[in-house]
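First chain A sits with chain B, and in the next complex the same chain sits with chain C.
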Partner chain A sequence: MLRFATLRLGRAAITIALVVTFAFVVLRLSGDPALIILGPEAPPEAIAAFRKSWGLDASIFVQYVDYFGAILRGDLGRSMRDGRPAILLVAERIPATLALTLPALAIKIGIGVPAGIYAALHRGGPVDRLVMMLAVAGFTVPSFVLGLTLVLIFSVQLGWLPSGGQESWRHAILPVVTLGTGGAAILARFTRSAMLEVLGQPYIRTASAKGVAWRAVVTGHALPNAAIPTVTMVGFMVGSLIAGAVVVESVFSWPGVGRLLVVAVANRDLAVVQCILLLVAGTMVASNLIVDFLYGLLDPRLRAGGRAGAH
Partner chain B sequence: MAEASLPDAAAAKPARPRMPPLVFVAIAWVATMIAVAILADLVKPYVFTAMDLRNRLSPPGHPLHWLGTDELGRDVLSRLIESIRVSLLIAFGASLISAGLGTALGFLAAHFRGLIEQAVLMLADFQASMPFLVLALSVLAFFGNSLPLLIGLMGLYGWERYARIARGLAISASAQGYAAAVRQLGAGPARIYLRHILPNIASTLIVSMTLVFPEVILLESGLSFLGLGVQPPMTSLGNMVGYGREYLTRAPWIMLAPALTIVLTTLAISIIGDWLRDRLDPSLN
Partner chain C sequence: MTHIPRPLPSRRAVLAGAGALAGAATLPEAIPPAAAQGRRRITIAMPVGPRVLEPVREVSNVIFRTAYNVFDTLIAVDFRDNARLKPGLATAWRRSEPRVLELDLRPGVRFHNGDLLSAEDVAFSFGAERVADPKAPGHALSRPFLGTIERVEAIGPLQVRVVTTAPDPLIEQRLAGWAGQIVSKRAFLAAPSFEAWEKAPVGTGPFAVQDFRLDDRLVLKAHDAYFGGAPLVQELVFRVVPELASRLNALATGEADIITEVSPDQFATIEAMAGREIVGGPIQNIRVLAFDKTHPVLADLRIRQALALAIDRKAIVEALYGGRTTIPPGHQNPAYGPLFMPDYPAPGFDPERARALVRAAGYKGEPIPYRILPNYYTLQLQTAQLLVEMWRQVGLNVEMIVRENPAAITVPAEGRGIRDWSNTIFWNDPAGVLSRLFGPNGPVQRVTKEWSNEEFNRHAGVLATSLDPAERRAAFRRMLEIWDHEDPAGTVLHDLTMFYGKRKDIAWQPYPIEYMDFRAANMG
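And then the complex of A and B:
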């Protein structure tokens, strides 16, 4: 278990290091960071001070190490637009984003997982066909089309719900539904194929053949085994709690992290973009770590130091 | 695989299943879209930026403008055709780059093994674990925007899937008789991989391309919808939806025409991809 944990933590650290390297390389390739971060109208002494404090007069390797150090200290630069620390600007927006993505996640898991299990247990039935059809739709209808269609129906035609803004909980309904339904369809399809794969395994036949009740076979043997791939998918969805609403927030003018990212990209507010990039990478890596440890709980073979999928 | 392919092909011939009608419709739709993209200049009724100020925001069914016009009196059908051309061009370009890059890295990993293989696999893990939209937006923020950059950026989408497939298949192919035979005859690695292994695994790579292609269309239209992809005066399907959003109440057709095109096209390509996968390579899933 210790070896397992060390390996996974090491991999997480490498991923974060890759993201920081990516940001460093892209930042250096795109021009003079002093001018970019401080803006072209910054006074020369500020630029000189910035160069000194970020060590831009040193060699590229020293700069790289310093850049790492600055990020570890939480020094992510200031927004070009209002001069406040980028990290504060981003942190302010997180609650609004979570107000959409957490209920959407609940919809995805609450509908997607049971629908997928039911579809797999009743393969070829009407529910199965409906789930598969919706799953294909969930994949091919982009979220902005779904969102705008919902606005067209429920705001423009019926006038039941507001089309954008963040004044009350009613404003959150359409964005949450937009986020939740697409994800629920994808998760249902994924759960279904995981279940079908497990149901085809010899140990399920063995359990049935030795007279275990079907219900007990499903709950005792099929569900725990099908949980492993499903947890991966859910983990990915948890990891995109911050970044998964970029498009939907823009459709509904919702002031979350995604909207901030789009505006920052349009204004080339690099400090803010970099901060969001690192935040997203951090959440992704953290949720991958949690998933890896959940694997350890779900699959005893992993705790023994083996690998998933080794039969 | 090489030994098994002969009897398989012989056995499969009499029982070759007929193409399902849905797949036929999907292929017909995609063929139409490609024809429209190639012949855009011939089938467009108007220049896509031409304005007809006397017929602004006219609904579909107008004798001069079958799909209506927008706020500036521009013909929605002409803009739609131009958008299909731009969106498909970006998606094709990006898919080719991504398939080429991924396959090359997969072959490198398979050939050298060891550290290079680990590095490629680590990059693939990294790419798969980061939301691509956020990476793409960051690059656009740092470098600004242009069509070649956009195509190149989209070309980074999905490379890790080709790399994993190419690596796995190349490793198993090198262990087979034909690769060893060519090597014994003195062929260099480039010749073995490009002339012998690549044709043998091409069908699997093409299937994965049809599965990645609709995702590239969705990604490009998402970026363009946000106003961060294709820049005006050029137009793409996502741009049109983004523009039509402003006129949702007064002129929903501006948004509906491109939205429907996106959905139908990605749906059609997914149907074809699923069908090809079941036909050619059931192992991919």
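And then the complex of A and C:
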């Protein structure tokens, strides 16, 4: 188990280092923050002063070494647009994003998983067909189309809910539903497929032939074995909690991390972009790590790691 | 409140951002008329918010429209009267010498913190801590606006003297324009840091900063002691709503009272909404194309001339703007007053001559890059597509290159040929735009290095320092001739527009500039 954990943690550290390096190189080479933030009409003195004050006049290698060193010291830099520490800006936005993504995750799991299980258990029936039809629709309709459609119906037509902003809990309803719908559809499809695969396995037939009650077969044998792909997908969704709502935040003018990321990239606000990417990478890696450990719990063969013939 | 269900719009309408149209045509009045309810708040939805609110730290249309309500200048501009200068924080001014302007300050003006305006505040606003010292936080960005000011001194409790480095015909315009805003000295010095100050500066304007959240919202509250009369609105909320479709929906539902940056293809949507209307039109900002004459093909001035002559500007204005903007006679604006030359012969649409010039230049079809942003200016992509086709008609092979941000279309120089640009008229004088941008100290010659012309620079010098109107007029005419015909640095397309969707019962009216003025005098 220790070897398993060490390997996974080592891999996670390398992934984060690669993400940070990639973000640094791409952002540094794709536009001069001084010109973008100050505008192309800014006098050369202003541009030079800006570059100097933010260390952009040094070579890219020196900037990279400084940047990486600062990260190791826990310093993620300051926003060029705002002047404050980047981590502070990002931290301010996290609650707003989680206010959308956590309830949306609950919707995804709360609707997607039971719907997928139910559809698999009633394969070919009208409920299965309905669930799959809705799942395909939810999966394929882009979130901005769904968001605008919901606004048309519930804000413009019915006047029940606000169309955007973050003033009250009512403002969160439409973006949460928009986010939750697509994810629930994906989970429903994954869960159904996994369940169908497991339900066709010989050990399910054996358990049934032995006279085990069908409910016990499903809960005791089918569900745990079908959980691995679903847990993988849920893990991915958990990893996307921080920056997984970029489009929805824009459509609903919701001031979360996703919108901050878009503005920061457009303005080459390097520290903020890097801080968000670091956070996203960290969340994703942590989420994958948890998923890996869960695999180990769900499937004893994986706990045994590389030991030959261990099953 | 009864809501009557209405048929849903087509998918195309949704995708095009016209979603608000469907329900809005018969939308019940969600909010009673302003007059009836004594409106206390106006919400403006706009795509981008300002980074800061300190005028010497940002030059953008979003700070123009917001900070204009927080500050005043010594001399004001009457945008309803062809940008005539009028008393602002100063009631009178006179030139005591060619380099010296003396101003009498208005007594009894209060800052948002309750302090009375004094000559000390004015001197401080132009002083070392804020702008004058090269290390001052506002120094670099304020130079193009205040660069000719040598010093500003208090010569009495309510009297100041402005001394320029040389005779400056524009000093009154500079004091009335951007970066000429007056701030409270005490509040500036009391701020915990400049970063804190620039997000909540203290001026004398009709609204004080109440809450500023970057990229989200700016809330301004009424400054009831405003010398121009207490505002009729208690609270102004500038909300950042990036998507046009979302802004239209907010206007339809009553969540926004005014929305900005409405493109002409959405006019019908708003006009179909009950109680809503489109206002706005051309603003003091000229939409141009800039030519890089260091590009091997554009080095031949005949090609640049052909590029200008191939453009059917009227067709663009009619097809894309429904005729709701104007084509100025060259790089000019009527606000220039005595320097405006309505009869100046700007390049017109002459495809035959353009073809002849292309032939004469021996052009072999080498690609000419044309860098644009996808959606920075109104209908930018559509305009560019029309232009490329018009150029193709005269035999020019122009390749459109879409880039992500303004810096990416100006630098690096590799591959740069033609680029989209707009030129804001900061002072009502050609020195405030043509010289400022294309002159010897402007970004074209100093930053992008796309173009320069010795004779143009000589005349720009005359325009900058001569106090003789006839001499200035002659210099400006020569600059126009060089810029347009003899050594084209670019070409004018049309006046830039700013359209707003708004509730009809809000009496606010737009100016022909990006400023949004919510002073009582502009609220009916």
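Note that in this section the second predicted complex is superposed on the first by the 263 of 311 C-alpha atoms of A that agree within 3 Å, B and C clash if a C-alpha of one lies under 4 Å from a C-alpha of the other, contacts with A are read in each partner's own complex, and residues count from 1 in each chain.
We adopt the following convention: contacts are C-beta pairs under 8 Å (C-beta built on N, C-alpha and C of every residue); 3 or more make two chains touch, one makes a residue touch a chain.
Just so we're clear, the structure is a prediction, and the values are computed from it rather than from any experiment.
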- In the superposed arrangement, does A:266 touch chain B (first), chain C (second), both or neither? both
- Task: State whether A:46 touches chain B only (first), chain C only (second), both chains, or neither.
- Result: second
- Can A:145 be said to touch chain B (first), chain C (second), both, or neither? both
- Examine A:253 and indicate which partner it touches, taking first as chain B and second as chain C; both and neither are also allowed. second
- Query: Of the two partner chains, chain B (first) and chain C (second), which one does A:84 touch, if any: first, second, both, or neither?
  - Reply: second
- Tell me which partner A:120 touches in the superposition: chain B (first), chain C (second), both or neither. neither
- Task: Could you tell me if A:245 is touching chain B, chain C, both of them or neither one (first, second, both, neither)?
- Result: neither
- Task: Identify the partner contact of A:158: answer first if only chain B is touched, second if only chain C is, both if each is, neither if none is.
- Result: second
- Message: Tell me the contact category for A:226 with respect to chain B and chain C: first, second, both or neither.
- Response: neither
- Interface residues of chain A shared by chain B and chain C, listed 30, 145, 148-149, 151-152, 156, 163, 250-251, 262, 266, 268
- Note on the structure: Within their complex, chain A touches chain B through residues 11, 14-15, 18-19, 22-23, 26-27, 29-30, 136-137, 139-145, 148-149, 151-152, 156, 163, 193, 239-240, 243-244, 246-247, 250-251, 261-262, 264-266, 268-270, 273-274, 276-277, 280-281, 284-285, 288
- Contact footprint of chain A on chain B as seen in their complex: 122-123, 125-126, 129-131, 133-135, 137-144, 214, 218, 221-222, 225-228, 238, 241-242, 245, 248-249, 252, 255, 259, 262-263, 266-267, 270, 285
- Mind pulling up the chain A residues that touch chain C in the complex? 30-32, 35-47, 49-50, 81-84, 89, 145, 148-149, 151-153, 155-160, 162-166, 250-253, 255, 259-260, 262-263, 266-268
- Query: Which part of chain C faces chain A closely enough to touch in the complex?
  - Reply: 1, 3, 5-6, 8-9, 11, 14-15, 17, 19-20, 22-24, 27-28, 30, 45, 51, 59-60, 140-141, 143-144, 195, 213-217, 239-243, 245-246, 249-250, 252-253, 255, 404-408, 410-411, 437, 441, 443, 446-448
